[in-house]
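Right, one structure below, let's go through it.
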Amino acid sequence: MAIQTFHLSKSFGNYRIFEDLSFEIPTGECFALFGSNGAGKTTLLRILATLVRPTSGSFTVLGHDGVTEKESVRQVTMFLAHGSHLYDDLDAQENLRFAMAMRGQYPSHRALKVALDQVSLGAFSDMKTRNFSAGMKRRLALAKVILAQPQVLLLDEPYNALDEGGVQVTNQIIREVTQRAGMVFMTTHDREKAHLVAHRTGLLNRGLLTFSHTDQHPAHDIS
Amino acid sequence: MAIQTFHLSKSFGNYRIFEDLSFEIPTGECFALFGSNGAGKTTLLRILATLVRPTSGSFTVLGHDGVTEKESVRQVTMFLAHGSHLYDDLDAQENLRFAMAMRGQYPSHRALKVALDQVSLGAFSDMKTRNFSAGMKRRLALAKVILAQPQVLLLDEPYNALDEGGVQVTNQIIREVTQRAGMVFMTTHDREKAHLVAHRTGLLNRGLLTFSHTDQHPAHDIS
Amino acid sequence: MTFLRVIQWVVWKDLISEMRSRETLSSMLFFALIVILVFSFSFAMDQDAAQQLIAGIIWVSFAFTGIIGLGKSFSAELQNDALEYLQMSPTPKGAIYLGKMLGNLLFMLVVEVMLFPLFVLFFNLNIVEEIGLLLLIFLLATLGLSAVGTLFSALTVQIRAREVMLPVLLLPLAIPVMIAAVESTRGALNAQPLTLYFHWIELLTIFDVIFTVVSFWLFELILDS
Amino acid sequence: MTFLRVIQWVVWKDLISEMRSRETLSSMLFFALIVILVFSFSFAMDQDAAQQLIAGIIWVSFAFTGIIGLGKSFSAELQNDALEYLQMSPTPKGAIYLGKMLGNLLFMLVVEVMLFPLFVLFFNLNIVEEIGLLLLIFLLATLGLSAVGTLFSALTVQIRAREVMLPVLLLPLAIPVMIAAVESTRGALNAQPLTLYFHWIELLTIFDVIFTVVSFWLFELILDS
Amino acid sequence: MMNRIIRRIQRFKGWFGAAAAFCIFYGLYLGLFDSPPDYYQGEVVRIMYVHVPLAHTSLMAYASLFLGSLWYLWKRDPLVDNMCQAAAGLTVIFTALSLITGAIWAKPTWNTWWTWDPKLISFAILLLIASGYLMLRTFVEDPDKEGRYAAVLAIVGGIDLPIIYFSAEWWRSLHQPLSISMRGVSMTGDILLPLSIMSLGLNLLFLYMLMVRTQMLYLTNLLQAKKGRLLSQVHLTQTSS
């Protein structure tokens, strides 16, 4: 199992978001989570990314406990959040190199170029990211995933602000992760786009999570 | 005509975003602008909202010049940008009241309640907006449009972060504006959702704007 | 009249936010406390010099504390791009200026009134007889500071390095106000006859009028595109 | 070794950003300039007192200037939520701390070295013989400030009212550094025999060691969930 | 486990209160009526019987804050966090009171409200740190971080305080512009007994208040959790409609 949760619950102070969530997502699967505004999708992702501690319950990522073995979880996980995590005064390439260095990876100049080309930012590799448009920042974040090749990929509304080309690149990256037995967990409101890649979808509603399958077939058998 | 532009162009420094844009959008129409990431859609909207001055060219909104008669333009225009324009320490209702007061409108308590209910935030009217989720903030911004009843509505990626209910509310508001002979100008990457309401769409590409019609029929005849 | 109502609403919004978060006032107070401690510490060995300089010390503290409050005034408008909304609303921009300015004036005066007893305590000032006059001086000088300060707060909030650019731009311009405030405060504290320092109070009034009018007029340019 | 490389990259990132924007250094310098002007202004009437207090004035200026730099250090990590990325990366957090701390130390030292000649100029100091010793004192005291300061910068950047909470929390804790720095600087400036103020230098060293270790250890808790 | 210990102690808090009341009344009686006036200072010296025990108690309060913070970082028990918050509030109160009584004492004896004695410096800074601690807690948005950040501050402050004291003492011994010594009173048995009893009494009072306040904070949080659950219910029905 790529992710397993056990009776996960989260409240902010005294405000309960969800309670007693137990589910598992096998490797090789892309899972898309839907849910109305304020349902707690982002909060769940942030817990899985070890950014927020669950109020109670526990979870494992590729067998590592999410609370006690954070470092191992972080080693295999990557989370693309709403923020693009860019430094405005560095250029696109420098941003990528720094982000990779923080994961202990040191990609070659060529690898950087390939990744930037893949997200169609090749022409902007020496431009400060300060004035990148909303979509260009998202694309640069995608380039990080291409370089880092994480085994577990968490995406919060990945299609936001992306044009059609961007959506295609995203879906291609997702397929690539699942094909090498990785796992993708995304939240989105865009069912059509998600259905193109997700093997399973879930709905978070009143703190309950219900699952359904899509037409896609998991890249690998569920072990 | 609701909006008319004459040879509008904009560059940042020596970086040319678009040049010599001339187009017009009649009242009663909803116009959706597509374009790849970094095409300049947001920049165009910000010019029409009088937030940015065009490098050259001019435009009119309901006959008022966009550069010399800014105040008249602002009177009839409303722009929902990426930011939600909320004060985190005020609650939902207070935020609405302040925003309306800044437009010279003083809605009654009942009107506020109706607007909040319409965007399904009725239960949160006394909650500080600080911890609203991404979609809840967007919904609150929509409530402003319901209250202000602007004649010209500019929307930058309005479907971002909204769930299905939110999308429906948005489209309903758009229809309502066009039906009372207002005009809506939105940018989005989501063609499906836009096609549900837009009478015309445009594509901004390499600084050129091309138009096409959709199945929708304008609420009012083009005058 | 719309103009007055906009002023009202801007002040109302700032007061409500402040009541909820108590952020501005408490940071101003605490910062002032520390400034006072640093000063009284560094003058501990030299009580006479301190007595000499007390009016200057008071106003340096008030100015720095005020800058904290002024800085927060417009950086609060940056949350969720709220400033953008004010810029593109059909609100008379001058009314926004006056509203923000009054709010700042209020916060600064509250802090000053709370701090003054501490100065009396730490520097062993004699209890002041002309407390009414002193309050008038505080009011006039603070009005001057907040008139220019609000303008510069709006200006610096839209540029980089804003926390620093505000004092950097404001302090040099505020020098006349500072000198007049220090001189008249010194006069009042030492119970000198009013005629000896009345011209400083006149100067303060003139500054207030000029600065308010000029800032009111320039503010529109700053908020505009 | 990964640990050292992370330190390197963090320092590299901060230096590159600074070279591009020159924001931190220029704001620190400008702010310091104004503080110095205000001081030299308010002591203009009393040259003797100024000579007496010069070491204190130097360190009050350095401390406030340093706080500007420290505050920027982590608020730069807030752009586009970059801090979030550091938090959820498998980077050793201690290495991030050391990287940020070294960057801050560097910026503060650069500014101090640029400002010191101004003090010599403005306050008519005799050219110092023991310049090497003075630089050592600057280094040790600045190290102490940036050790605790980096920790508190990371802490306050994630709360409200951060520009104010940093000095409010940091200054009281920095008192030993300040006293020791002032006393040893005074000693060096007055060309006293080293034995008279050597214990202050020792105190600085001890403070540096203790607080680098403690902050290194506590930093993880602040970045963690 | 921790919870159980604290809960058990809580049950006896009435005893602490009673013992504290007894010690304080007895100590006050001894100090105010039974002990002789000071040879130099006369009756003014009696304020010492409040001032010195107050100072001791504030040190005790900060010590519990320091240890509690270490404990919290180790176990992450919210109850311990509540205790730290309570201890910080009490530190502020007792430190402020000891400074105020000291100032009242100083005016007739030293003819000034305030002077830069190392002990006074340290206590003033203690007050700053403790109120900074409370301020920090109100400024943290994220309830998850509140306890942790506050604990970090308390620990750094706890390590720093002795250093502050020593550096202030060295500094003072260097300058000594005011030849005032705190030891203006000779400690004879007549003084020591009421002083120790008052100290004991105030420390017990501190423990009693700590328990009450901890319990109060704990219950408030519990109550808000209940209220929050109701709110969540409303919220969940709302968003799914």
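Order as written gives the chain letters A, B, C, D and E; numbering starts at 1 within each chain.
What we mean here is this: a residue touches a chain if its C-beta (ideal position, glycine included) is under 8 Å from a C-beta of that chain, and two chains touch if they have at least 3 such contacts.
Keep in mind the model is a prediction, meaning the values are calculated, not measured.
Any chain bridging chain A and chain D, meaning touching each of them, is among E; the list is complete.
At the far end from chain D, in terms of centres built from Cα atoms, lies B. Because chain C and chain D share one sequence, their contact can be compared position by position; here over half of the interface residue numbers appear on both sides. Each chain gets a centre from the mean of its Cα atoms; for chain A and chain B, those two points are 30 Å apart.
Distance between chain A and chain E, defined via averaged C-alpha coordinates, is recorded as 47 Å. Each chain gets one centre point, the mean of its Cα atoms, and the points for chain C and chain D are 28 Å apart. Each of the following residues of chain C touches two or more other chains: 21, 23, 26, 30, 34.
Shared interface positions of chain E, defined as residues touching 2 or more other chains, are 128, 132, 135, 139, 141-142, 144, 235, 239. Across the assembly, chain B contributes residues 82 that each touch 2 or more other chains. Put simply, chain E touches chain A in their complex at residues 142-144, 221, 224-229, 231-232, 235-237, 239-240.
In the complex of the two chains, the chain B residues touching chain A come out as 12, 34-38, 42, 82, 131-136, 138-139, 157, 159-167, 189-190, 192. Residues 49-53, 70-71, 74-75, 77, 79, 81-90, 94, 98-99, 101-104, 128, 137 of chain A are the ones that touch chain D when the two sit in their complex.
Contact residues of chain C toward chain D in the complex are 21, 23, 26-28, 30-31, 34, 38, 42, 46, 49, 52-53, 56-57, 60, 68, 71-72, 160-161, 163-165, 167-168, 171-172. The touching residues of chain E, counted against chain C in their complex, run 112-116, 124, 128, 131-132, 135, 138-139, 175, 177.
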